[in-house]
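The next part holds the structures, each set out as structure tokens.
First chain A sits with chain B, and in the next complex the same chain sits with chain C.
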Partner chain A sequence: MKTKVPVIMSKNFYIIEIFKGKNIFDVFGQEIKKSIKELGILNIEEVKVSNLYRIEGNDIDKKKIIRIAKELLIDNVSEDYKIYRKTKKSLNWWIIEVYLKDGVTDPVGETARKTIIESKILKDAIVKTGKKYYIKGKLTEKQIKEICEKILLNPLIQNYFIYKG
Partner chain B sequence: MKLKYAREIEILNYDDKKLIELSEKNLLALNLEEMKKIKEYFSSIGRNPTDCELECIAQTWSEHCFHKTFKADIEYQENKKKENICLLKEIMEVTEKLNYDWCISIFKDNAGIIKLNEKSGVAFKVETHNHPSALEPYGGSGTGIGGVIRDILGAGLGAKPILNIDVFCFGELTYPYEKLPEGVLHPRRIFRGVVSGVRDYGNRMGIPTGNGAIIFDNGYLYNCLVYCGTVGIIPIDKIEKKVNDGDYIVLVGGRTGRDGIHGATFSSVSLKEDIPTSVVQIGNPIIEKKVQDVLLSARDMGLYNSITDCGAGGLSSAIGEMGKDIGAIVYLEKVPLKYQGLAPWEIFLSESQERMVLAVNEKNLEKLISLFDSEDVEAVVIGKFVKTGKLTVYYKDEIVCNLDMEFLHRGVPKRKLKGVFKKREEKSFLYKSKNLKRDILKILSNPNISSKEEIVRQYDHEVGGRTILKPFIGYESRGVSDGVVLKPFYDSYEGIIVACGINPFYGEIDPYYMAGCCIEECIRNIVSCGGNPEKIAILDNFCWGNVSDEKQLGSLVRCVKGCKDYALKYKVPFISGKDSLNNYFKWKNGRIISIPPTLLISGIGIIEDIRKITSTDFKKVGNLIFVLGKTYNELGGSQFYRNHNIKDGIVPKPRPEKTLPLMKKLHYGIKSGIIESCHDCSDGGLIVSICEMMIGGNLGCNVDFSNVLSEKEEIEIVLFSESCGRFVIEVPKEKISEFKDLFENEEISQIGEIIENKKLNGFWKGKKIFEISLNEIYDTWRSLKF
Partner chain C sequence: MKKVNVLILRVGGTNCDFETEWAFNLVGAFAERVHINQLIKKEKKLSDYQILVIPGGFSYGDDIAAGKVLANEIRMKLWDDIEKFIEAKKVIVGICNGFQVLVKSGILPFNSQQLCTLEWNDSGRFEDRWVYLKVERSVCPFFKDIPEIIKMPVAHAEGKFLPKNENILNKIEKNKQVILRYCDSKGNIKGYPYNPNGSVGSIAGICSQNGLIIGMMPHPERCVLKYYYPDFLRKKEDDIYTPSFKIFKNMIQYFS
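Then we have the complex of A and B:
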């Protein structure tokens, strides 16, 4: 189920998702799991966190996006990436995507944009960064919303989209 | 006149009710008297203001920028005695009366500057960023530290930041989620966000964080407090700045967006349950780091005449302030934007971060622009300072703002306020402990006393290589230090000591003595590191609740009076300060909750030789332990009573006439090597100081508490009283005669000895009363998990 429509809609965009590689300890996921338990929601099995870069540009194609991901964004030792345009649902997981609202400064996105242009992969680009949370456990949508608003994001500056598994 | 870009705002025909409505609707935070003054001004020039003008006036006149309460005429009543008082004058009077020649730039620049040696000065400033941090903890607190770093960069012609300090106050982390109103973030969430926000900004700027404090109390549930401070060094010949007629206005650093609009006026009103998004700012430390580096080289090349940072109020406040005595013309369309679509007033008032404004002479302009260009920092000419006496702002071909500087900066009607203080009677009271050991361990595990290592370790305190006495000291770096000692120059042993004093719990009983205790705690911390009590300057930061309430204002006045009296008695000048008022939360049903009155005193001391300092950890088995100063039955507001929910008791009273001479002798003792370790006694009492010294030294001790010089022979008073003017020190046996000569006629007591066995053995008149192993002490003290 989708709760809100993303703010920017452009055909020429890709999303790069960066996540921890196999057998690498996901410290942020553990931290969030701990916080969720503190909320009193104990039915939680696992939490995984990925970083999202939504890259938009006129001269964009898959090959260039792979270069951006491999050369600029990931740490080859501990991280891996996925590229997609549309979020896929996952069977056992709740998926939550969080992006900054328009007009809120995105320093990481800005630095990524500059780097992409300086390394001459794209002529110009718009980069928005976000977070993607995978949550496993027997949870209701109400509980997921509670987790979102109390732990994962600040509704004042961030938008979020929930995909039910 | 038809306006294309700005909007005309009707006020000429408005009556009082409509004026107030206008102020509230547009978040101007101006009262009726001020709105009437604005109306009067515009009727005298025969037109309505534009949106840009009205916003510009509101920002300049905001509590945040103009400190209306501190400059107001206050009719103050204390126990039927009435007097008229101006708070700012009281504070400044201290510095004027003391009149030290080493205070170089006081209360006029972005930060206070004192003399370090013949060539250099030290700039110090502490700011608060409470409202933004309550809304968006990470971004709000990060921009708090970013802002104060820019204050230091904008002090004189630019000082180089070398140290950050942070003090936070939060609600208790265990508070139940369901009791909080909607829109208020849980203390745990605020805590995590603030800690990481300040950490990320400070660490990425490459500035060490060396000192701080964290206080947990449910008074801060709805309004957390975030104090950020920065110390910088500046060449003495770069302190004077002056804007000249004809200088260009150059905007450097980050781009302008819609972020942080209404920050200054917003922070002058209460937090409500509905808040606009645009008040939040997000920092970008990488840009600020670049600005810092290129700015300091431009300073050394003498490329600009004056500088200030774009803080609250944005360009309107920065340019307005710089051109106060001259006048300025600004072209807003030249300001680099993050995205299109900003109205002129939004550009002029935006509080986007990482921006500085320079005044540059025409002959240096090209050189300056190309220097900034070479470091990939944007520098753009956006206007000129011209002797017109007016602030004129264009957007393309339209004048969107045209105000007299005189009206803008001196037209604010002086507020007339009333404050009442009714002293709560202090009842002498003594609670007898049922189980001493349990009480001691309970105090050690209290969040306000226990180790904050988990947090402090996230902050880089080493970067720059100047930190001599670090936050952690002693065995395996377990102990905590009273303050931080820096060695700013590689080729000299001169040093800077920074420490702070804060204790809101005394303020609930009497803010006057809270002020005294905070000032003394700060000085004590500096002196126990080896500082010279005669070379200390302090900063005041007041965070208060709803000051339109007479009682709240009364307590603020009472606190300021305490600051004045005790600063004069301890002979320490105030060099800078800041107030953050209206820290209160308004529930939908109208209930108002103010924060506890909170005063932070931050101090900076200068020493000649950093090799002659000491730390708090016990050093050697066989050395003797002394207590300097006398203990009184002053348990009011103490950790011990708070643990037992006792509201009575007498609040600690500073005794400068005894403590100041004692501190001078202590300074001599540390300098000449008689004293091997020294720790001040404050929160939690004597027992906490001894435990912390044991942890640092990984050594045990035998202490007979009946030997402690005390007003009354009661074990609870000796262990837990938080009386001022006390230090625990360690003296080697062979230096005992020298020590006794030095402290002849002073109130000192020999209380025990350091032993090999890792235990605290507590005696009373020779009889053993408790025994706690060092492991238990350490584990309890470290038990808090964040």
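Then we have the complex of A and C:
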């Protein structure tokens, strides 16, 4: 079944970043760290992983986005969230954001969109999901690119952006 | 005797509904698989049933987090019906994904806001195998006459039981709301691989304060007959029915 693509006129958007709370074991961070070491890149200190929801809509404001994050997306026990529009660089960390390329179906985004509309917080929205990786260690840009293309994403269907603090 | 009506809630991605229906029918209930939209559109009434089962599976593809979307949907669209169902002292069962839904919607453990969660397994993998379980002395009436150590299969990636803080864990323990714990073959509480997900206190299942709402990660519906056990040829047991069968039977007998 073809899903209807909503018509969103303005470029009004927010990004919700959902990450593991304090003292919660970040399984994916650990697994990725292991995979990077297996790649032969040993001077890696820490890896953290967050989920991103980029929400675009006509009638959005920060209050509504906070409601979406708190009521619909985060796990109130183990997760926390941040809301922003522009990715901030962070000292000592490499930040990699991964999104699906335009035209690639985003099923998680579609589910999140349906939940948002059913909750009546927004009338309509475009939701794009992505992943954000924080990598700490003395690494070169070449090594980061190798990590991205061999471990973190599939370059055929995903785009990535690298930020260095 | 009138049969006990069991509603097996189905949504996109549910995949243990058939075997749950079969298990309930086997113990003498009248089980029916009902899609959530039938309840929302009032084609079926929750009040016509005595037992509500949220079966295992991957509701809505486990998008966002396992059970999260269905928990939101229940909160938004079915909450009044569920409240009445609980007030009428009827039974709610959540198995695997159903447990995740009950916990994330706050129905378990205290029917309030969400106080516990089921996090990703410590191993970072989908754990699909048999485990030993210790049946705790709890307030739950459905584990009567069940042996102390039983076997059941688990199949989940997000099953690590995690309360919000120590106080909540203490309250659950003090109220005797823990129904099952992972253990080794002799009943000792041990770490991985006996505890497949790293659950706090090796907790595999809990119930509500009155014991009528239960949630568990293992799948009792996948082993109601002895032929499901991997070692059934080596063990010469006369009774073809397993402790899991007895759990379903106890649920039905509660209403007789």
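Operating definition for what follows: the second predicted complex is superposed on the first by the 154 of 165 C-alpha atoms of A that agree within 3 Å, B and C clash if a C-alpha of one lies under 4 Å from a C-alpha of the other, contacts with A are read in each partner's own complex, and residues count from 1 in each chain.
Simple rule for what comes next: a residue touches a chain if its C-beta (ideal position, glycine included) is under 8 Å from a C-beta of that chain, and two chains touch if they have at least 3 such contacts.
What you see is a predicted model, and the numbers here were worked out from it, not measured in a lab.
By the touch criterion defined above, A:23 reaches neither chain B nor chain C. Looking at the shared chain after the overlay, A:73 reaches chain C, while chain B stays out of its contact range. Of the two partner chains, chain B is the only one touched by A:39; chain C is not. Looking at the shared chain after the overlay, A:112 reaches chain C, while chain B stays out of its contact range. Looking at chain A, you'll find residues 107, 111 touch chain B in one structure and chain C in the other.
Across the interface of their complex, chain A is touched by residues 135-136, 139, 177, 185-186, 188-189, 257-259, 275, 277-278, 280-287, 338-339, 352-353 of chain B. Chain A contributes residues 24-25, 27-28, 30-31, 71-73, 75-78, 107-108, 111-112, 115, 118-119 to its touches with chain C in the complex. Touching chain A in their complex are the following residues of chain C: 60-61, 63-65, 68-69, 72-73, 76-77, 104, 113-117, 119-124, 162-164, 198. Those residues of chain A that touch chain B in the complex are listed here as 35, 38-40, 101, 103-107, 110-111, 150-151, 154, 156-157.
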